[in-house]
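Before I ask anything, here is the structure I am working with.
Going in written order, the chains are labelled A, B, C and D, and every chain counts its residues from 1.
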Amino acid sequence: MTQTRQILAEMINDKDSRPSRIFSACIQILIVLSLVTFSIETLPNLSPGTQRILFLIEVVIVSIFTAEYVLRVTFAENRLRFIFSFFGLVDLISILPFYIGLGVDLRSVRAFRLLRLFRVLKLARYSKAICRFHKALLLSKDELTVFGLLAGILIYLSAVGIYYFEHQEQPDRFGSVFHSLWWSIATLTTVGYGDIYPITLGGRIFTFFVLLVGLGIVAVPTGLISSALIEARRLEEKEETEKAERLAAVEPES
Amino acid sequence: MTQTRQILAEMINDKDSRPSRIFSACIQILIVLSLVTFSIETLPNLSPGTQRILFLIEVVIVSIFTAEYVLRVTFAENRLRFIFSFFGLVDLISILPFYIGLGVDLRSVRAFRLLRLFRVLKLARYSKAICRFHKALLLSKDELTVFGLLAGILIYLSAVGIYYFEHQEQPDRFGSVFHSLWWSIATLTTVGYGDIYPITLGGRIFTFFVLLVGLGIVAVPTGLISSALIEARRLEEKEETEKAERLAAVEPES
Amino acid sequence: MTQTRQILAEMINDKDSRPSRIFSACIQILIVLSLVTFSIETLPNLSPGTQRILFLIEVVIVSIFTAEYVLRVTFAENRLRFIFSFFGLVDLISILPFYIGLGVDLRSVRAFRLLRLFRVLKLARYSKAICRFHKALLLSKDELTVFGLLAGILIYLSAVGIYYFEHQEQPDRFGSVFHSLWWSIATLTTVGYGDIYPITLGGRIFTFFVLLVGLGIVAVPTGLISSALIEARRLEEKEETEKAERLAAVEPES
Amino acid sequence: MTQTRQILAEMINDKDSRPSRIFSACIQILIVLSLVTFSIETLPNLSPGTQRILFLIEVVIVSIFTAEYVLRVTFAENRLRFIFSFFGLVDLISILPFYIGLGVDLRSVRAFRLLRLFRVLKLARYSKAICRFHKALLLSKDELTVFGLLAGILIYLSAVGIYYFEHQEQPDRFGSVFHSLWWSIATLTTVGYGDIYPITLGGRIFTFFVLLVGLGIVAVPTGLISSALIEARRLEEKEETEKAERLAAVEPES
C-alpha cells in the first residue's frame, strides 16, 4: 500500500523518474484526443452512432482527468495552495462542466465548454524551455507596453482618418469609426482580407502613409523580442560564469 | 489657500506623489472616454436622446480638460515655453475646436475635430519607457532614411513595371502609374487586399521577382530596429558601468 | 584505366578539384532542367510532339542520374552506409520511379513522381554555408519547439472562439472547428486570402484580440532566429580566438 | 574662366562644399520631378495642352541632365572609367532614349523609357549611410544565398504539392505547376491576394504545413539582416577602438 502511494506520488510530482514521464505523456495524448473529439462534435450532420462514441470517449477522458486531479490534490504539499494555483484551477475547470452538465440542460453550458480547452495549457507545465521566453518577456515588458499603446493610437487614428476619406463613397463599409477600426486592424497587421479597402484617391494616399508607418507594427515587436532574447541569453551566460568564478574562489579556501 | 495651491501644483507637475498619480489616471480615463464618445457619434442613425447624452459628456470632458490646461499654464515654470511646447499645443488644440464650434457652424469645423484625437498622445507623456525607443530611433535614423529611400525607389519601379505588363489586359485597374502604385504598396507591404493583382504571365513573373526583393521591405526595418534596440541596451549598461566605476574611483579619495 | 578511375573518383568525391566542380555544376543544371520539364508536363493541352521531346529529355536525364548513382556507390568508402544515407536514398528515389514506371501503368505511379523533386535537395549538398544555419537551428531548437506548441494552442483556441462567434451567421463558412482552423491559419500567418472572414461584431472584436497576440506568431520565430544567428556567429568567433590562443600557447613551448 | 571651371569642378566632385550641396539638391528635385511627369504621362485621356507642357518639362530636364553628364565626364579624373562605371552608364541611359526617340518612332522606344527611371538610382550616390548596409550585406551574403535556394525549393515543392491536391477540383486556377507557382509565391510571402486558394481538405491541410514552414520565408531573412547589422556595428566599433589604441601607442613614442 505504501509502495503504491509512493509510485503514485512519484508519477505525479517527480519530473525525472520513468513512471512520471510515461504518465505525463499519456495525459498529453489524452488532452490532444479530447481536443480532437471536441472539434469533431462541432461537425454538422453527425450520426447518432458517432455521437454516442464521442460521448463515451468524453466520459473516459473526464474520468481519467478527475482521477488525476484527485491525485494531484492528495499529493500536493500545500493542498489549498494547489487548488487555487493557475494549473489547479485549469485542472478543475477542465472537468467541472461535464459534471454540472449532466444534471442541467447541456446546451446552455456549452459556451463554458470552451474553457475545457484550457486543458491544452497543461501541456505547458511539462516544459522547461519556457523559462527563457519568460525572462525575455520580463526584459521587454515595458517596451511592449509602450509599443502596444503606440500601436493602439496608430490603429485608432488610421480608423478615424480612413473614415473621413471613405465615409462618403462607401457608406455601408465605412459606416462609422467602428467599421473603420476593422479595416485598420486587418490592414496594419497586413492580413488584408479584401472585404473592405479604400477606393478614393485620398483614402489610398492616406493608406500609403499609414502602411509606411504601420510596417513598424510588425517590425517593432519582432525587434523587441529579438533583443530581449539575446539579452536573456547573455544574462544566463553571465550568471553561469559568475557561479563558476564563485565556486573557483571558494574551493581554494576549503 | 497656499496648501490647495501646493496640492494642485503637486498634482500637475510632480510625477511620484499620490495625488499626481490619481489625477493623471483620471485624465487618461477621460481621454479614452472622449475617444469612445467621438467614435459613437460617427455611428449612423443615432437617436436625438443619445446625441444629447453624447453632447453632455463632451461638455463635461472639455470643461475638465480646460481646467487642466489652465492649471498647467499657471503652474508651468516658463509659461510661454509651455504654451508653445508640443504638449502645450496638443492640450490647447484638443479643447479649442469645441469653443470655436459653439458660435460658428459645427459641420465645417468637424474636420478639425480630428485633431481632438491628439489628446490621446498626451497619454505618452506619462510614460518613461519611451526613452529606450527614442535612443534606438536616433541610432538607426540614418539607416531608416536610406532604407525608406530604397523602399520608395523599389515601390516606384515596381509600379512602373507592372504598369507595362498589365496595362493592356486590365486598362481599368492598371490605368496609370498612379493606379499601379496602389498595387505596389498593397503588395510590397504584403497586405494584398485582392482588389488589384496581375493576371498576365509576364506580370506574374515580374511580381515574383518584386516580392523576392520586396521581402526586404519588411525584413530590413525589423533588422534595423532589432540591432538598434540591442545597441541602446548595451550603451545603457556601459553608461551605468562607467558611472559605477567613477563613483568607486571618487570614493576612496573622500 | 586506373587513371580514368582516379579522375572519376575525384569528380565524384573531391570537392576542391576542377573536374569535380564542372561535374557538380552540370548535375545541378540537369536537376533544374528536370524540374522545368516536369513542370511543363503538367501543362494542359500538350501536343504529342512536345510530349515526345519531354520524354526524350527525361530519358537522357535519368540515364545520367543513374550513371552518377552507380559511380557514387562504386566510389563510396562504405557502400551500404552511402546507400542508406539521406542523399543516397534521395539519389535512388529520384531515378527509381522511372524504371518501375516503364513496366506498369504510368498514371498510378504519378503521385510518386513527386519524390523525384527531392533531386533538388541534392543541390544543398554542395553548399558549406548551411553550417551556420544548422548551428543556429540547434541553438534555438528548444525555443522553436515551445513556440510551435504555443502557436498551435493559439491557432486552436482562435478557431474554437471564432466558431462560436460566426457559426450562427455563416453556417457554411464556419461549419465546424475544422473550417475555423482554416480561417485561423490564414489569418494568424497574415495571409488573409479573403475567402473566409468574420462578419459579426463579436467575431471582429475577437479577431482584433487574436491578431494582437497573433503578431507574435510572426515576431517570435524571427526573434529566435535572429538571436540564434548572432549567438552562432559569436560562438564561431570564440572558437577561433581560443584556437589562436592555444596555438600561441603551444608555439613558445616548441 | 579658370575660376568658373573651379566652381563647376567643386560643384560636381566635392561633397562638402556649399555649391556642391545646392547643385546636388537641385538635381535630386529634378529627378523626382521627371519621375512625376513620367507618371502623369501614363494617365489616360490627357488633353493636348497637358501633353505639350509635359513634353516641355521633359526637354528642360533632359537638357540639364545632359549638361550635368558632360560636366561629370569633363571633370572626371579618369574619363573612360567614369563613362563605363555604374553611375556613368545610368547617367547616360537616363538621357539617351530622349535623343534617339526624337528621330525614330517614339512608341517603339517607349519600353526603353523605363530605363529613364534609373535616374532615381542616382539619388543613392549622395548618401553615406549606405555603407553599413553594404557591410551587413557582405556579412550575410552566403547565408542569404543558401536561404534563397532553400526558399526556392520550398516554393517549388509547395507548388507541386498544391497542384496534386487542387488540380482536379479547380482545373482552371491550378491548371499546371506554373499556375500553382503563382499561388505559392502569393501565399508564402503572406500577400494572399485571394484570387487563388485551396478548397479541398487535402489542399488546406497541405497549405497549413506549408505555411508553418513558410513563416521562415519571412523570419529567416529578417534574422539574417538583424544579426548582420549588429555584427557590422560591432566591427565598426572594434576598428575605431583599434585605431584609437594605435594612436595612443604611437603618441608616447613621438
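General remarks:
Everything that follows uses one rule, which is that contacts are C-beta pairs under 8 Å (C-beta built on N, C-alpha and C of every residue); 3 or more make two chains touch, one makes a residue touch a chain.
Keep in mind it's a predicted model, so treat the numbers as computed, not measured.
A count of contacting C-beta pairs for B-C and for C-D identifies C-D as the more extensively joined pair. Superposition angle, chain A onto chain B, using Cα atoms only: 90 degrees, a multiple of 5 between 0 and 180. In summary, the pair chain B and chain D forms a contact in which the copies contribute largely different residue numbers, shared numbers making up under half of all those used.
Separating the CA-averaged centres of chain C and chain D is a span of 29 Å. Centre to centre, using the average C-alpha position, chain B and chain C are separated by 41 Å. Counting only residues that touch two or more partner chains, chain C has 181, 190-194, 218, 222-224, 226, 230.
Chain C makes touch with chain D in their complex at residues 35, 38-39, 42-44, 111, 114, 117, 120-121, 123-124, 127, 129-130, 132-133, 136, 148, 181-182, 185-186, 189-195, 217-218, 221-226, 228-230, 233. Across the interface of their complex, chain D is touched by residues 190, 192-194, 222-223, 226 of chain A. Residues 142-143, 145-147, 149-150, 153, 156-157, 160-161, 163-164, 167, 171, 175-178, 181, 187, 190-194, 197, 204, 207-208, 211-212, 214-216, 218-220, 222-224, 226-227, 230-231 of chain A touch chain B in their complex.
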